[in-house]
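You will see two complexes here that share chain A, one where it goes with chain B and one where it goes with chain C.
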Partner chain A sequence: MRNTADVVVIGGGVHGCSIAYHLAQKGIKNVVLLEKNYLASGGTGRSAAGIRHQFGTEINIRLSATSIKMMENLAGELDYPHGIDLMQGGYMMLAYTESQLDQFKKNAEMQNSLMNAGTKVLSVDEIVRITPALNTEGLVGASFNKRDGHVDPFHVTQAYADAAKRLGVEINTRTEVVDIITEGNRVTGVVTGKGEVISTPAVVNAAGPHGAIIGKMVGIDIPLYPERHQILVTEPLEMFLPCMVISFTHGTYFKQTPHGSLLLGVGDPEHEVKDFNQESTWQFLEDVARKITYHMPALKNVRIVRQWAGLYDITPDSQAILGKTDIEGFYLDVGWSGHGLQLGPVVGKLMAQVIAGEKPDIDISVMSIDRFKTGALIPEPACV
Partner chain B sequence: MRIDEHPVLTFTRGKKVTFYFDGKKIEGYEGEPIAAALHAAGVKVLRHSHKKNRPRGFYCAIGNCSSCLMVVDGVPNVRVCVEKLREGMQVETQKGRGDLIVED
Partner chain C sequence: MPDRTIVCRCEDLTLEEIRDLIKKGYQSIEEIKRVSRCGMGPCQGRGCRQIVAQEIAGATGKNMEEIKMPKFRPPVKPIKLSILLGGEDKNA
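Here is the complex of A and B:
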């Protein structure tokens, strides 16, 4: 392993790999990425990997629209032969009350005026035309964007990692960061679990739910905690569900992968554990089966294959923490609270610009860690 | 090929029944796994892989591996190694992944 680096990136998820690639692409070639487990082993690979324009805050709308555009050309740009299984069959957000639909209308207007997103608000009839098997009981409408959809999170991460390596980035998996060395108010190095020391003037914390532990190494309190979310996987079926479907009312979402399997999820912050436990539970199996068969009764005959769990990195306003900190050379890209996968491409680019001392293409200052001191929180109304 | 006497296990056989494999009439014993009856009748290819269309046969025999998914009485993705045979069953080779069945 190299013992000096221009930048050390902590975390081999989609954000870490994207940052490393974009740094190298800028000509900052001596980048070392450290991943405690294997690439995409954390939240990235455990994500349902939905991508959507349909957010409710200006910053997320700007980021996601740009990121989706990047994903549309990603395999080509990164010369990645396997493709990233990008499925743009849309993303349908179900509304069960008029006030929810009003919020979706406001969000859609913002998405369309800021980024020309093409988001539409659908009537129940229009919903049924896209997803005939959906239970319409209680539905009042939906927000829909046909360029939304989902992607394969492993391929996106691997595509960035491979491209980064070709540009000279060193990627070390099974390498945990146990300490960060500072002198005065600035970062000077990183210590790994194998006892190696890498001298570096810049460290990026892209460690997801472990981000708070990394923050403590330089004496910074990052307000984020892990929260378990689980996903159920069914047997593969012929394609019948073109779009990802989500209900904030029920905390549910589901999609059909190109392989044919359905991924079924429920966000259950009230009951789910808030630590590093990634075990699957039978309670979830029961809960998700009940909730998703309500949305789509025909799924009751579909067999379950397996189940997995992963961790969200939740912040007080469910928004990411990005950019510089009070410690010189210590940068943050953490706290995505469950919607970070899709923003990996654009945020990697922006973080690389910040680290290189440039003005980022999109102003991300509202996501600074300082907002927890000033109280300028930016709660996202469109999240599970 | 069938085992008539097993050195350790004792077993009783159900009554002889007829069923259909891709429309062809075949005999088996009621209550035995469909796959066992097919095997005894010389049917070795149960499905084909999705990407390369390679033949798949009797493999795990305990309902885990999805090597034996077939359409049984119109229902796709039935694991015939753990599904019991009944009189008159229509067992068909499955093309593709099987469709979601939406009841009215």
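Here is the complex of A and C:
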């Protein structure tokens, strides 16, 4: 392992790998990435892998639309033969009340005027035409974008990692960061679990739910905590569901993957544990069964084969924390609160620009950690 | 000659493909599973885990005991969603 680096990236999820690639692409060649397990072993490999334009804050709309454009050409740009299994069948966000529909209309206007996203607000009839199997009881409309969809999280991460390695980045898996060395107010190195020390003037914290622990290593309090979220997978079926369906009212989302299986998810912040426990639970199976067969009664006869769990890294406003900190050379890319997979491509690029001292293509200053001091929170209304 | 012995029958993966992945650096069952879907079909790895573990052990010079087995997650066998709804009625 190298013992000096221009930048050390902590975390081999989609964000860490994208940052490492974009740094190298800028000509910052001596980049070392440290991952305590294997690549995509954290939230990245456990996500539902949805990508969508349909957010409700200006910053997320700008980021996601740009990121989706990047993903449309990613396999080619990164020369990744397997491809990233991008599937754009749309996202349908169900509205059960007029006020919810009004919010979706506002969001759609913002998405379309800022980024020309092509989001539409659908009537119940239009919904049924796209998803005939959906129970329309209580529905008043939906928001729909046909360029939203799915991407394979493992392959996006691996594509960035492979391209980064070709540009000279050193990626060390099964290597945990246990301490960060500072002198005065600046970072000077990191220490691994094997006792190795890497001298470096710059460290990026892309450790997902463990980000707060990394923050403590330099004496910074990062307001984020882990929260378990679970997913259930069915046997593969003939393609019948073209789009991801989300209901904020029920906390549910479900979609069919390119492989044919259905992914069924329910967010349950009230009952889910808020620690590093990633065990699957039986209660979750029952909860999903009830809620999903309500949305799609025909699914009663479908067999489920597996469930899994992963951690969200939640912040007080469900928005990420990005950029510089009070410790010189210590950068943050954490706190994605359950929607960060899709933003890995664009945010990796912007973080590389910030670290290189350039003005980022998209102004991410609203996502700075300073907002928790100033109170300028940016709550995202469109989250499960 | 490529070894076309099928290792994972659910996802149709050959011994050759598994060996290639190990050569590429995917040296745990978890990693191989995520990149190839090996063990993610209806049998949930009951057929292939052991073979993949042996291949990893052989290629990396580790003992079988050192190869970490992925978690078996519920349900143990594929079940219909309607069976889970049974629990609903009891609590109603």
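In the analysis below, the second predicted complex is superposed on the first by the 384 of 384 C-alpha atoms of A that agree within 3 Å, B and C clash if a C-alpha of one lies under 4 Å from a C-alpha of the other, contacts with A are read in each partner's own complex, and residues count from 1 in each chain.
Going forward, a residue touches a chain if its C-beta (ideal position, glycine included) is under 8 Å from a C-beta of that chain, and two chains touch if they have at least 3 such contacts.
The model shown is predicted, which means the values in this text are computed figures rather than measured ones.
In the superposition on chain A, A:A298 makes contact with chain B only, while chain C stays out of contact range.
Within the superposed three-chain model, A:I220 lies out of touch with both chain B and chain C [touch as defined at top]. In the superposed pair of complexes, A:G260 makes contact with chain B only, with no contact to chain C. In the superposition on chain A, A:P132 contacts chain B only, with no contact to chain C. Contacts of A:E235 after superposition: both chain B and chain C are touched. When the two structures are aligned on the shared chain, A:V273 is found in touch with neither chain B nor chain C. When the two complexes are overlaid, the chain among chain B and chain C that reaches more residues of chain A is C. Shared interface residues of chain A (contacting chain B in one complex, chain C in the other): 235, 299, 301-303. Contacts from chain A toward chain C in the complex involve residues 38-41, 45, 154-155, 158, 234-235, 259, 280, 282, 285-286, 288-290, 292-293, 299-308.
Those residues of chain A that touch chain B in the shared complex are 132-133, 235-238, 240, 260, 297-299, 301-303. Only residues 50, 66, 75-77, 96-103 of chain B touch chain A when the two sit together in their complex. Remark: chain C residues 28, 30-31, 34-35, 37, 40-42, 44, 73-75, 78-82, 84-85, 87-88 touch chain A in the complex.
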